[in-house]
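Below you'll find a set of structures to go through.
Each of the next two complexes has chain A plus one more chain, namely chain B in the first and chain C in the second.
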Partner chain A sequence: MEHLPEMHLQHPATVEEAVKLHAAAPASRYLAGGSDLLVNIRRGIERPDSLVYLNGIAELHTITDGLEQISIGGAVTLRELAESQLLRKPFSAVAQAAGKVAGPSHREYGTLGGNLCLDTRCVFYNQSEWWRAANNYCLKYRGDICHVAPGGKKCFAAFSGDVAPALLLFDAEVELAGPDGRRRIALAALYRNDGMDHLTMTRGELLVAVHVPKIPAPVRTGYAKSRVRGSIDFPLAGVAVRLGLQDEKIADLRIGLTGVSPLPFLVRGLDKFVGRKPDDACLEELREVVRGQAKAMKTTLTPPHYRRRVAGALAQKLAESIF
Partner chain B sequence: MNKMIPSRSIGVPKPLIDGPEKMTGKAMFAADFQAVDALVGRILRSPVAHASIVAIDTSKAEALPGVRAVVTEADCSNNHGVLPIAMNEWALARHRVRYRGEPVAAVAAVDVATAQRALDLIEVTYEELPAYFTAAEARAEGAMVLHDDKPGNIEREVEFDLGDVDAGMAAADLVREMDFHCAEVCQAQMEPHAAFAEYDAARERLTIRPSTQVPFYVHKMLARVMGMPESHIRVIKPHIGGGFGCRTETLQSDLIAGLLARKARGTVKLVLSREETFITHRGRPETHIKMKVGMKKDGTITAVDFSAQQRGGAYSGYGIVTILYAGSLIYGIYDIVSARFKGYRVLTNTPPCGAFRGHGTVKTRFAFENLIDGMATELGLDPFAVRRANLLVAPTMTENDLLVNSYGLDQCLDWAEKASGWKQRKGKMGPNKGLGMACSHYISGASKPKHWTGEPHATIHLRVDWDASITLLTGAAEIGQGSSTVMAQCVAETLGVDMGRIRVVAADSALTPKDNGSYSSRVTFMVGNASIDAAQNLKALLIAAAARKLEIAPEDVECLGEVYRGGQQDQGLTFEEVVMEALTGEGTLAVKGTYDTIPESWGGRKYRGAAIGGTMAFSYAAQVVEVTVDPDTAEITVNKVWVAHDCGKALNPLAVEGQVQGSVWMGMGQAMSEETRFHEGLPLHANMLDYRVPTIIESPPIEVGIIEANDPHGPFGAKEAGEGSLTGFLPALTNAVADAVGVRATELPLTPDRLLELLEKKARDERAGVSVSGKLA
Partner chain C sequence: MAKQHITTTINGEETEYLCEPQETLLDVLRDQVGLTGTKEGCSSGDCGACSVMLDGRLVCSCLVLGVEAEGKTVETIEGMADGDELHPLQQKFLEEAALQCGFCTPGVLIAAKALLDINNDPTETEVRYWLAGNLCRCTGYDKIIRAVMDTAADMRGA
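On to the complex of A and B.
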């Protein structure tokens, strides 16, 4: 591990104070769990001179069970999320995803906001400064070449948070606070398909809370994650499935994917499964649809072929096992 | 009052004697040492894989306030290397760099930020040369040589042809040949490399605490590279966070710490990052193996014809020894009547490989045990029966002149077969579940040391003073494997005293006798025997003293450990009383014990390098692995492992169990998920996320059966316990997967993506109507 440079650490008590402190320093970053940011700072990927520490802000730690929505503060830890009684059926996918992030110690520190705003990852990017310099850097950082797809001008660094695809199943919204006040946008709108700049947040914005609308229909959800090891690893592919049956036929179907592109997204074209019986043929077809949209690139040591294939397989297994 | 029976220490489960320090965090590792004036050392590494160094300009770095020393190859008096016949490495690259990350210069500064700024100010001009990242590229016609004295980039070509292989193949009922490929693996030990070096400028002396398995080699190489008298260097081994072979040679970081401390005329702490530790490498080479075996219908092996090509990396290191082991240790486990081997150790522009737990044997054994498992299936034989058809009978000498004096493989097989329920369960596991088995063996130390000087193989000092404590002084490096504990046990058992009476002082060159170090599983055998010898010598002195005091003949003294007496009616003398008598007129007792191997164990002369493989005793292991394969994701779950290990007398059954479990677990990582990967010579894997060591989630229950086929020369009959069980896991896993899903993996690690490809190919073949029912390609 490379050494940690000296930085100012700020301790705001409110969201508004945090935003103000962030704006006051030219190169500041918000810090919550730090399990991703501090590693990136040590590697020289991030070079802030000031860190605005969010964990002292009470508002960010609350989980509220509202009439129409569940609201989860941005600094709620992944362990708290995984263990939350509010995130039982039909929100199981969210708790399951949080419980599958990294290892137990990471989940003790890591936060919901951190996982949703996780930087995109690539084997050519998540390396030391010496390494990246020796490799002439890359599109995402200081360079002008993509080592994943040489010749291309698009960055394929993969979004690797586990919780986002689960929240996408529920039309969740995120509440952001920034120099211009607060705003609420769909979680899907937080992301764009660009590994270099995958978050639509503007400079100085922080993620205050996630609002998950309650759903009336009797649907079930789950999250499955492919990784070489059962702990620590980021997803090679992560799949969240939402399935509702009526008269033994599919009435509601959504699938969220992560780890296979620069943003988490809902699989398109699932309408054609509505009204069908979830039999073997149907689920095989589903598997192929998911596989076709999981366009993983060579951003991990595990080859893309496997990640595409396993995304489909996990979707099929989840859909089979949820009911 | 007086305890009337000798204390037993051997064969008793004993917690390791350095456990309390480690459990409470008091143990000091190299990076834990502090000094008020300690400088921070950092290394500038080559960004290119192969280049001439045209110029190095350190003037700006030297001028930076806070920088106390900048060193380059100009500060080195000599090159270095672990094998006296193959020294070609420089602590800091001389005129040429040969892999990405090779140290080029280093700085010592008042703090880490200054040290980093200084590195950025060093200007190196490179003229790039063609680089080769695979053995095949490096061997290709017209390839530029990495070292002028190594034509064709061949570090060493090994060849032997013993017995009549062609006749053996002709006499076989079944001959099969397969290609195998095993990825390069790293030890990934817990502690990154570090060294704490103090230079006494007034006296021109160096004291260094390096994270090493071989303090003696570090001592020798520091003197050679720094041009210092050996007597002016003191090497103190601190606690070590694992080694597994990557620290069995002097690393550049050990030498650079010394060079920086001298130039700064002060104290330097050099701690490598995890990435730098991976770049330093010294792991197991990527290897291609061709293996051909002839077998009779009853499983008898008639001939073995095999070859191995290892990608050795940029410098010689242990390379010659590794490729020799890859050939010679086809022997020593089964009755092999004829074998032909061709081995190539190749120099490439990647970090140098080294001696990894199971040195040289692992990949050959994987290929062999994998191939014969498939042949057993073809012949309709049980895999256990095939092994039993080829057992050795000890004592014997193998065809390549390896001494086998004790042999417990038959008992290992019996235990593993029974414990795993093999007979009842094999073939009835249900879909996607399988059982596989394999055997392995390993040496108990190389019988002929690399630095042959005529000294005994091991020396132990025991000191006894007026307080009646026994201080055991040993050069052997405790690296977490329990060597200090085992020596204390040997001495305590021989004297019959409680282990609490013994204090072990280990591996401080100013205090302890020289020892070659902790590698090739030599310590228990060699140093254990020296400990017994020393304790016997001490006991003779104590008995003589007791005889004087009791006024009886020495042969009439009965030694009960804490009591020495003349007869059953005699109340006897306490240990303290005996010691006081022994000190009378003598002063503090200092006794010595030594051990030497016997010439019969020194290996053969039938081919060049045939001595490599020679050992006093072999350990044996047999293991059964049970797996479940997910057919959709191709993920393998290891449900359980049953492993029997013949270590001769288990001196400390608790430590043996830990070593065997650790070996199996390490083999599991290599078999299933660990591998190095390079992008044009840059390590993509140099962190703990991308180098995939198994986590506790993947770790199965490992049931250990200790088999004690005592060796006549071993300390109390003991043999090696820390390496032999690693190897068997790899083929046992692929054999289990073959049993579960009908595909035979020849490429390691067997990651889900590799297994998925095999499963997809099988499905395609089945659709195309190709028969794949257990037939080998």
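On to the complex of A and C.
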């Protein structure tokens, strides 16, 4: 692995100062946990000339229990998120997802903002410079061919953050700060279906916080993922389920997916399950709906058909076990 | 690039060093402070050989910049024994031969101690999950896991 190249390091004390420092050095990157960014810099797939260090900004480290929403700062660590008392039922899926990111040392440092803004990953991309050079690079960086789908001009690198699909269950919003001030958008609107450019944030924008509306309905949620090693690793497929029952029938059903496409997303077409009993036949049908929308491509060493099947199976199991 | 002056506490001793912004805590510990017990394996956060405690948090020192240690407390493998008296984990690793080449051992010990400090009665699964970020190519892990479990049992009994 290469040494880190020479870089400036800036230490802002406020969000606004961070944005200004970033704007003054257009090739800079925001650095919080660094568990992904520093590795990518070493691999030569990120080449910033300066880093704007976010951990000194107090605002980014707070979790606030508001009347109508829980607000979580972008630099809150994944361990803090996993252990937060505020993220118990019905927000269990968020805490579970954070607790299933990588290993314990990564969760001590990795942040919510970093996990939401994680770069898309692919077996042809997350490699050393010499590996990629020997393979003539790829569409996502420096190359002109996608080795996953050589006939096309689309990049299929998969979004692999665990927390996003869980937050999508709750219509979470993200607060962004940029040169033009602050704005709030739905978390779903943070992403687009393009492995080369999957974030809709404009250059220099910073994820300040996530706002999770409190929900009145009695629902239960959970998160499960499949990975090469059960104790660590990015998701081959990650599934977040939100299920509410009334009179033993499904009244509320949402499923978020990650690891199977360039963006995390909510499964479509689940309305048809509302009003049905969650019996075996119903859950098997649910499994097939999820499998049909988990369009994993050859971005990992594990074959795509396994990841599609396991996404469906995880959704079925979670829905069974949640109540 | 201008070096930054950092003051930190390493294994209980106040320490000062100058470091470039892009130098990692691992670089600083090994090349400047001379604490070479912390090992460099992958430099990508996969192997855990560089595990240290930073303000009581288990981190991979290859993923932390040297400047981030400013005003903080760093604990490395060199600070684990109390003089000539080994930490119970170190003693148990020797007794049960929970190491072969030894390259991963400092990181494994730091990570295992971090676990026992917060949970002195872990299940085998908890130990295995906790040490998932520490790769060992020699032992096959079984002796490491057993040594950690046995240390925890001894410490509870003490």
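Here is the rule we go by: the second predicted complex is superposed on the first by the 323 of 323 C-alpha atoms of A that agree within 3 Å, B and C clash if a C-alpha of one lies under 4 Å from a C-alpha of the other, contacts with A are read in each partner's own complex, and residues count from 1 in each chain.
As a convention for this text, a contact is a pair of C-beta atoms (placed from the backbone, for glycine too) under 8 Å apart; a residue touches a chain by one contact, two chains touch by 3 or more.
All figures in this text were calculated on a predicted structure; none of them were measured in a lab.
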First, second, both or neither for A:Gln246, with chain B first and chain C second: neither
Contacts of A:Pro5 with chain B and chain C, given as first, second, both or neither: both
Residue contacts on chain A - larger count, chain B or chain C: B
First (chain B), second (chain C), both or neither touched by A:Trp131: first
First (chain B), second (chain C), both or neither touched by A:Asn55: second
Which superposed partner A:Leu38 touches (first chain B, second chain C, both, neither): second
Which of chain B and chain C A:Ser105 touches, first, second, both or neither: second
Contacts of A:Tyr306 with chain B and chain C, given as first, second, both or neither: first
Chain B versus chain C as contact partner of A:Arg229, first or second or both or neither: both
Set intersection of chain A contacts, chain C complex versus chain B complex: 1, 3, 5-6, 103, 229, 231-232
Residue numbers on chain B that touch chain A, as the complex places them: 45, 47-48, 100, 112-113, 116, 273-275, 632-634, 673, 677, 679-680, 682-690, 692, 694-698, 751-753, 756
For the chain C and chain A complex, residues of the former touching the latter: 1, 4, 20-24, 27, 42-45, 48, 51, 57-60, 62-65, 67-68, 111, 114-115, 128-130, 132-133
Residue ranges of chain A in contact with chain B within the complex: 1-3, 5-6, 103, 123-124, 126-128, 130-131, 133-135, 147, 226, 228-234, 301-303, 305-306, 309-310, 313-314, 316-317
Residues of chain A touching chain C in the complex: 1, 3-9, 33-35, 38-39, 42-43, 51, 53, 55, 102-106, 108-109, 229, 231-232
